[in-house]
Amino acid sequence: SMFPGVLSLCCRPSAWDRATRPPPSPLQPPLAPCRSFSNNKIQVELDESSGVAMMKFKSPPVNSLSLEFLTEFSISLEKLENNRACRGVIITSAVPKIFSSGLDITEMCGKSVEHYTEFWRAVQEMWLRLYSSSMVTVAAVNGSSPAGGCLMALSCDYRIMAENPKFSIGLNEAQLGIVAPFWFKDTFVNVVGHRIAERSLQLGSLHPAPEAHKLGLVDELVPEEKLMEKAAAVMTQWLALPDHARQLTKTMMRKAVLDRLRAHREEDIKNFITFVSKESIQKSLRMYMEMLKKRKS
Amino acid sequence: SMFPGVLSLCCRPSAWDRATRPPPSPLQPPLAPCRSFSNNKIQVELDESSGVAMMKFKSPPVNSLSLEFLTEFSISLEKLENNRACRGVIITSAVPKIFSSGLDITEMCGKSVEHYTEFWRAVQEMWLRLYSSSMVTVAAVNGSSPAGGCLMALSCDYRIMAENPKFSIGLNEAQLGIVAPFWFKDTFVNVVGHRIAERSLQLGSLHPAPEAHKLGLVDELVPEEKLMEKAAAVMTQWLALPDHARQLTKTMMRKAVLDRLRAHREEDIKNFITFVSKESIQKSLRMYMEMLKKRKS
Amino acid sequence: SMFPGVLSLCCRPSAWDRATRPPPSPLQPPLAPCRSFSNNKIQVELDESSGVAMMKFKSPPVNSLSLEFLTEFSISLEKLENNRACRGVIITSAVPKIFSSGLDITEMCGKSVEHYTEFWRAVQEMWLRLYSSSMVTVAAVNGSSPAGGCLMALSCDYRIMAENPKFSIGLNEAQLGIVAPFWFKDTFVNVVGHRIAERSLQLGSLHPAPEAHKLGLVDELVPEEKLMEKAAAVMTQWLALPDHARQLTKTMMRKAVLDRLRAHREEDIKNFITFVSKESIQKSLRMYMEMLKKRKS
């Protein structure tokens, strides 16, 4: 036959499911040359031999997305993005039981318009960088992940979650009386489709891990102790592809949704400020903060 | 920990599946203060204690969507929409075995252009009001629901169907030699996705209840005698959310599709008139009417 | 009752699943009056009694989509499209184990800009004609179907695949270091949705038949020896619908994606030429061709 090579090349099944087996070369603990930098809230370790970085959220008690956290996240991601030795990032939490609790409410309460502007721009920046990252991004969701925490997981290329039914994930903004921004919604629809997104967003649902998996909100569940091993195996699978083709394909899939926020960024900030400046919203937030303080004491 | 409240609030799973259990406080029969108004074809009962209205189609033999039915539906819905005591509507049928048979063919046969215009505008109005309703809308589909009947169910927030395989639902226009308008299609795609819609619309499929559930066309099946109890339980679940956030979220999800008809409403009426005025279509409709009359006698 | 006919007509379930049974009148081997024309690479047989044509790819070893193959395909399809006796087409392969290996790499290697232009226009033409065909199109995928071969299957109205796990299908361009054009992607998203498409395209996945079925990439699997019988049964089911309504419905579903290429056709050709003219790409292709020649000898 004339093109046996074409046949065998083209017909080799790719590793869609192969990642369910143990990885051929799992990421080693930092025996390999490894650069680590940690600021305040996120610990970053890059294994230069594999080209894979680990970003661990370590901002107890709940890894809430404060201005400081978000700024550090965007800077860390940009550093990795510009490091040619880094081809993939695994994001996970160093805090037990919680991946991230989402946006920090204290940043929205009793602050100046300047502060709200800076905060919201940082939220946008985090998403724009993560959703458009040229690196392979894998979320190892090792705890609950409501609201903004869910958005971070949704923005990765692949989501693995600990199969603990006590951990839940979802865009639950409606339960708090607020509305997820349109780009949260767009990201969600791209993952689970219109109908599941419509129902889940209206109910502000937090889906326990097994349900989240059934709905396609996360790609797979593994026992918690296997989570990092599995994340490494998935990363190995994705890094087997040539970077350039994979990156252009990712851009093709995500550009429309990214461009929508890029085109309406200032408008989106204004909407946030208008919303958060309402006396009724401030009152709710203050009451909520009081309740938290009382519980604390 | 600093924010135990945030953690517990954010990580409380919402009631995605909780509605499968008996409702904590089912809607009671009209012991509670209850306003009822009935015109000709639709019976409306509002339970002011729960804030839930029931709209029952009672236009035998098949609840077909005549101009009179559609006008009454839109007026009834508007009344409820403007009644601050009403937060949700359950729509169902008082006619055994049929939810609604869809558009009334007699309205399209041998009438004037003025009549066609008025009729089609009433069809549009029904959908625009129902799909954009600020209330929680639940369809309790207790019988077959072809064409326009299916559209009404698709336009609600949630669909429960009696698990009787003799009841079927679908946009079967193609089987009658006609084409579903683009906004029927858009509504369908938003519920079941592009592929299922493409196949189902081209085949003009009427899906028996179990198949409809499998395809996502209805959200759940229950034994017929449990249908109203289940609809009340689902309503309770949806009404647990703060109205304002839920309404804005619904608008965000549905606005694009609603705006498409709003922008092309007159054009859509013209298309309908051109279609229905064709001699070939009128001939088919007359023959069909003759057949019905003969069967009747 | 007033409209018993409407009720019984509207409530007759359509044949969504009925095709799983043996067909009532399977296409017979050419006993019926039958016109056959075969050029070089594709054999076409039209059974005028049923209105169904069979197009069999017979371009060994792997039915690669050369300029000659694509031209012949478009001309054959156009002939059938213009033949009022023909209402449906089944496409399949006469080469064992392979449906089509996709675009012919030799057409992209060391040729002139004029040749690249002609070739890419032929690829576009094939897709524009197949995806917009007014006939019912059924793919009987009786072998592996990577890249352009997968696109052809995705462009039909219905896909049946031999349930042989050695046969795989997918848009695996990323594995070869290239990017699927946007209209390959659009067609894929219309079939499997955004998330599955995003993951599969980035990984360049070739899905074994059972996985392809699970993902919705093919509509059903049957034992290889039943494939043609099943294709005929599905065709019978689709041809039971009135042509005009089915065609308009198909256009409504596919127009947006077709129009996107129609509006950007010259730009898409330029993109292809820029890509294929790169020294790095030509070098890869030359090395790949050398490898194939060596394997051959």
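All chains are identified by letter, namely A, B and C, in their written order; residue positions are counted from 1 within each chain.
One rule holds in what follows: a contact is a pair of C-beta atoms (placed from the backbone, for glycine too) under 8 Å apart; a residue touches a chain by one contact, two chains touch by 3 or more.
Here's who's who by UniProt: A, B, C = Enoyl-CoA delta isomerase 1, mitochondrial.
The structure presented is a predicted model; accordingly, all values stated were derived computationally and were not measured.
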Quick check of your reading of the touch definition: is the inter-chain graph here a line, ring, star, complete or other?
complete
Cα rotation angle, chain B onto chain C, in degrees to the nearest 5, is 120
Are the interface residues of chain A and chain C largely the same numbers on each copy, more than half shared, or largely different?
different
Between the Cα centroids of chain A and chain C the separation in whole angstrom comes to 37
Touching two or more other chains - residue numbers and ranges from chain A:
193
Residue ranges of chain B touching chain C (in the complex, touch as defined)
60-62, 64, 98, 101-102, 105, 144, 146-147, 168, 170, 172-180, 182, 185, 193-195, 197-208, 211, 288, 291-292, 295-296
Residue numbers on chain B that touch chain A, as the complex places them
1-7, 9-17, 157-158, 189-193, 216, 219, 237-238, 241-242, 244-246, 248-250, 252-254
